[in-house]
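Input: structures, listed below.
Same chain, two partners: chain A is paired with chain B first, then with chain C.
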Partner chain A sequence: MSAPPPPKQSPLWSMLMQPGAGWRFERRLYTGPVREFAAVIIAIGISVAAAGLLVAVAGAGVLEAFRGMYEGAFGTRDSALETLVQATPLIMTGLAAAIAFRASIWNIGGEGQFYAGAAGAWWVSDLLADLRPAPLLFVFMFLGAALAGALWASIASVLKAVFKTNEILTTVMLNFVMFFVLSWLLAGPWRSPNTFYYQTERMADVTFLPRFTTDSRLHWGFAIAVLTAVLVYFILRKTPLGYEIRGLGANPVASRYKGANVGVLIITVMAISGAVAGLGGAGELLGLHHRLQLDIAVGAGFTGIIIALVARLHPLGVVVAAVAFGALINGSTAVQVVTGIPAALVQVIEGMTLVFVLLAAVAARYRIVRTSVSHG
Partner chain B sequence: MDKLMKSRTFIAAGAVLALALAAGACGGGESATTTTTPPPTTRPPTTQAETTDTAAGSSAPTEMDVAMILVSVQEEPWYATLIDTVNRAAELRPYGLDITLDVLENIAYADGERVIRDLAASGKYEMIIGHSTYSDAIDAVNEDYPDIIFVFSGSGNDPVGGNAYWIDVFIHEPAYLAGIVAGMMTETNHISAVAAFPFPNVNGPLNAWIAGARSVNPDIEHSITYIESWFDPATAKESATAQIAAGADMVYAESFGVFEAVAEAEGVLTFGHFADQLGFTPQVLTSSVAVWDPAFQTVLDAWWAYHTEGQPYDAPMERIVYLMADGGSDIGGISDQVPGEVRVAVEEAREQIINGDLQVAFNEGPVE
Partner chain C sequence: MTEGSSAGGVILKIDRVSKRFPGVLANDAVSVDIEQGEIHCLLGENGAGKTTLADILYGVHHPDDGALYLKGEPLRMSSPKDAIGAGIGMVHQHFEFVPPMSVLENVIIGAHSKQWLDMGQARRRLQELFDTYDVRVDPDAEVGRLSVGEQQWIEIFKTLYFGLEILILDEPTAVLTPQGVEQLFGILRRMRENGLTVILITHKLNEVMEISDRVTVLRRGKVVDTVDTADVTRQDLARMMVGRDVVFTVENEGGTPGGLLLEVDEIHVESESGRGSLEGLSLTVREGEIVGVAGVSGNGQNALFDALVGVREPSSGEIRLGGGSIVGLSARKIASLGVASVPGDRIRQGLVMDFRVKENLILGRHRSKPYASWGLLRRRPVDGFAKQSIDEFEIMTPSAAHVTRTLSGGNLQKVIMARELSQAPKLLVVHQPTRGLDVGAAEYVRRRLIQERDKGAGVLLMSEDLDEIFNLSDRIAVIYEGRIMAETRPGDTDLEEIGLWMAGISSEPDAAGASASSGNGAAGE
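Take a look at the complex of A and B:
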């Protein structure tokens, strides 16, 4: 066995790689799912420890804070169900990000597409207010949401496919555009005549998504989200389209030579991604809020990106990560009540988890080996 | 190979995240001085507070823990003024109560129901204030916690009733008084205002401010700029600078950012809004100040009556709002730059408003 070729040199690298230093980093040829999974688990462990450190620095009891977090998120049946309520939009935005990222299309516009979907659902509910039976109305509202999300995402994807614009920039900026479009709609044509605030009227009861129990807020949107995750998994794994998406993500040049129409593929992927985010928006509108407002997303589009990355872009992993993040959000109020630490701690934990997961992903690709002195 | 590529994909995805988070940070920060309302036509009767201990039996509560959730941060005047009110109550100890206050910032409306339910379920709080447009959220929770008193504030709300009280403040009367100062002190006869949105509760004080100026100076011209944001100091500053360039020498600062423009200009004076902002910059002459105390006291009285006399909660279906005569608003501190004759005129008008001789219209329409 010959030694692997030396990687590019940097000062730190050279220092670590000094012949005779005794140890050195070496890139693995194959990381393997076990190591990748272990890396995520270790990263989450480190994040939790770091969060505990922050709590201690803030002068509160660490165990008390974690217990508060747990009690708030899973302590009772109600709180556990509420955790799933919080996870619901995050599953959808996480899936939306994961689909696009699988194709190496950086859709940062989940937030805007989420709003587009909510707006689409609301518009349909207004246009077809008298449509019965109710299930048919739901079909059209969700179709409207998916279409609106897909169309909004298509602005960026068509620009990318035709003009090769950078979709990171366009999708980020389209979030703001959507915000202002919505504020125009809510200030003018859609505003409730009873109020001067930027919101629609409360929607009719017939548009409310059914809830699983009478005493919790867990609505069918959660089931839709889980089904969507399974569907996305199936599409990515078992269909020609999924193969092309993964192929585009792995090597767009090869995809092109293979004969894939990359432009069409980009537009397709973004449309699916936007539609999923849009369905998430509709789920929140019809399941929880029943009134279109400017803040119904609460950053779900952005948290979804973190979730997709923590889940390593795996659709079923997205569900798990979304429930974990939902628990963080749901437990945060209890932590604040018990310890006085602001609920913003959760955003810090989210950010740290992402950083540690990314670091762990890199670290898992290397191993430390003992150098043989005879090497030089 | 596939694995390697996937990892690379994954790392690259991480790199774009910084941008995403930055965008998220920019996109946030919705502020919530969202008071937009029709004018008050009726007011619930004032229940005068007894600030001394009452002879309520030994079972009477001795403490009241208050939780307050905000859409934005506690420094914003809309929030800061009510927080000050609760803190004042904590010092005055009405009914001998130990009052504590926990404030939770940056609670989006969409998150309101979850947070309010969590706060109620914690069992720690006797009063939960959703200090903005949280009536939907409170409506979903209040009946499950019949002993807790819930409060929501400002416009955009729907009435809830029962144990959920709707409070508000209107400051068109002190704005009228500030207008008198502007009308008497302007040298260019051009006054201006920078404001958030053309909402009724924004227009109300602005119209009154101009009416006050006209009452002492019929030659007044005015210009108004709406910056279409609750919080955008840069745009507000630009707008004020443009107004000053166009000849305005009295600028009403409905929005943050005006003071910075005034501080950089020569011979321009300004007016604070909602909180007493005298001294924020030396050019502030006075402010239109909201005072939540009587509305808060009304709610506190209802809570006390419920717990000591068993009187059921029966929140009015209209907002609880007090005008200047009842202590719901007032003119703030007046700068030394304001001459004595102007002060006298302000004080006379203030007395006329309080004793009912002068009615200041709450004109919610566009400023003309």
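Take a look at the complex of A and C:
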């Protein structure tokens, strides 16, 4: 088939596309996993270099900072395990975003769904406090979390499926709504009487997720996250549901003509996405915080969006990207101690990485070809 | 190497041009001399490399090897912009979405990037061009209101407005009615008179015979030959193309219609644009019968298709399949009742272009056995079916795992045909089933439709290709402005009468009032 180039071209575009002396870019119709992967790696390399440049501009030693970053993130057994702790919620929110984005449903509500899940788990733990044996209690707490996340996401998806409202707007707004709902719950009905803060009572020990070692904070939530990633990968690749999700994302019209029930599919995808985010919230609550408060993993929902995009919506890529971002968060604290560069650098690097990866993804769709002149 | 550029000389020399894509050599040392002022046809099987060559001439692709010479000078292009700069324009095979603007605005997009737009002057110039080519279109008309053919003219007039010398058209007639083709050819002939050069890609051999001066036949990326049209016959061309004799009119002994299968009763279906709604359409299809729906596109074919497959619900009226109503049933449910369908817009409605070829081959059946069981997609049946389809329909793709987007236009159509014909349907609703197929593939698809009918399936064939309608149909219904204008049998009518009906002109003046009810009346013998 013909591949008409983008008809409207900006001056910058034509400049890039017409490099003059014998070289030009040509669009590929298919990029392929190897090239996509290479593009991401190159983009990360560029981001690292750019981060180094920023550090240098800030007047600190670049090598020193990088070493500090590495030491802080992976230098010791403790720091490596702590990196995984940081990565755990990000894997879940990253997966939540990736599933929805695969279907071209723009769920920006990971943050709200994450907190909904934490609240759901806490509520169940409160309702069923006496339920034994403990594993059964865990089952119900996680079920509660998944359900809460799914329901919260469903507000947006039902509105989309029935009234065709834009899910970007609704999910963003639902984040705020969730924040206010939680604030109210934690200020009133759920607030611990023994504290000045907006938070609940500390939960019973029986609700604590087991830890992998006695001397680190790494809890089972990490294992659950990795398992979820594998499961999501499997669903997308090997099941009719995953096939429909990918089909909906790539061509909703053809999906409809070939019998997909688009409304049901949208609701299903959002429910899965919200459930995964909600499970992430429960993991943080039961693994680390043990009381519901407003600042368990602040921003995890948003970082998850970046992670999903950096991972090019690949579930296993999400795990890798989340660990990298966890390392960044963890390492930057060390960098701050060593060089005095504020840890806010993390956000700058996160943003830069996203931009570079997206650029690289576009670039990977082109190949550079030599303009041959004449061969006799 | 440098040819003279005197009138009638070689204007564009394609010299041993090669282009490789992953897994295919799409153009293999192609050499063609295009002469100034000729209409030169490119002919070849699906996937032979015609679009690739056209894209190279238009600067979309760059040759891996070989060179182009324009009037003797080496021609190097980085983008279509360069091609336009060099005087070459193109109308694409799946031509682009036209922005919702006026005709005038569409034509002058990009033409005036440097100076300020002088709308008055631009309108005068366009009107002059329209007059020269005897085209009646209002420059201020909204493009969305034009027919596909008229939209195509806009693409052509863009190139004329730019003052281009060479125009490439990639299967422009695939989407045109017979009248549309005549009008297009009128424009092309006048361009030739004015010394312009036209490169035309088409699969329709009678069009080649009618309009071209010379033909180049491609086969698997290689040039078979370039010949003067006057020296060859249709049969010769077909043989050069596919390497065997081709039957243009497939053998058809007629069906033996059985029981009533599909009954469409007075349905009204609104279309989004307001154009092409159904206004009380009735028709029937029996088992073992092919009913051809002839009509100019935009007269309700899309709405009829949508209503039958279940993506748009009639606001009133009834559709019965095997006696039971299917109004309000989901598309999945209707498909499960044995309705297979080939949509008119293959890329938008029929395929997920980012899927692998094998994934598209099971689209719609990805939930049923043997492709899925226990909630899982089964690799082996999927691969097996893909292999079988690729062999049977000669789908040209490096592998079943290739991304569908890389297939040529005709091969995309083959993927859909393979998928829909393979499920032993009770009712086949096919819209332009052979559009974009080469003569060999079209022959095969027509045979398969007859085969399905002979096995007892009912076939509703919507087509603008009247030869196809006459060849295949047991009964012909003419659709006009959302209703069946007339119904007849191939033996009782001729092209001319059908053509008049398609234009909304009733042959017998007193029959006009009866058109609404004729659909019901003709069901019985």
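Operating definition for what follows: the second predicted complex is superposed on the first by the 348 of 376 C-alpha atoms of A that agree within 3 Å, B and C clash if a C-alpha of one lies under 4 Å from a C-alpha of the other, contacts with A are read in each partner's own complex, and residues count from 1 in each chain.
The definition used in the following text is that a contact is a pair of C-beta atoms (placed from the backbone, for glycine too) under 8 Å apart; a residue touches a chain by one contact, two chains touch by 3 or more.
Model, not experiment: these values are computed from the prediction.
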Which superposed partner A:Arg256 touches (first chain B, second chain C, both, neither): second
Which superposed partner A:Leu309 touches (first chain B, second chain C, both, neither): first
Touched partner set for A:Tyr30, first chain B, second chain C, both or neither: both
Partner chain(s) touched by A:Ala49 [first = chain B, second = chain C, both, neither]: neither
Touching partner for A:Gly340 - first (chain B), second (chain C), both, neither: first
Touching partner for A:Pro240 - first (chain B), second (chain C), both, neither: second
Broader residue contact with chain A after superposition on the shared chain, chain B or chain C: B
First, second, both or neither for A:Val298, with chain B first and chain C second: first
Contact residues of chain A, present in both the chain B and the chain C interface: 30, 246, 250-251
Interface residues, chain A side, partner chain B - complex: 30-32, 72, 78, 82, 85-86, 101-102, 104, 106, 108, 111, 168, 172, 175-176, 179, 183, 187, 194-199, 202, 217, 246, 249-251, 284, 288-291, 293-299, 301-302, 305-306, 308-309, 312-313, 330, 333-334, 336-337, 340, 342-344, 351, 354, 358, 361-362, 365
Chain C contact footprint on chain A (complex, rising order): 1-5, 7-9, 14, 17-19, 24, 26, 29-30, 238-241, 243-244, 246-247, 250-251, 253-261, 369, 371-375
Touch list for chain C against partner chain A, complex: 15-16, 22, 51, 54-55, 60-67, 74, 76, 78-82, 92-96, 109-110, 170, 309, 311, 330-332, 335, 341, 343, 348-355, 359, 363-364, 366-367, 372, 375-377, 402-403, 405-409, 412
Footprint of chain A on chain B - complex, ascending: 1-3, 5-7, 9-14, 16-17, 19-21, 23-24, 26-28, 30, 34, 36-37, 67, 71, 102, 104-106, 108-111, 113-115, 117-119, 121-122, 124, 133, 136, 155-156, 158, 197, 199-201, 228
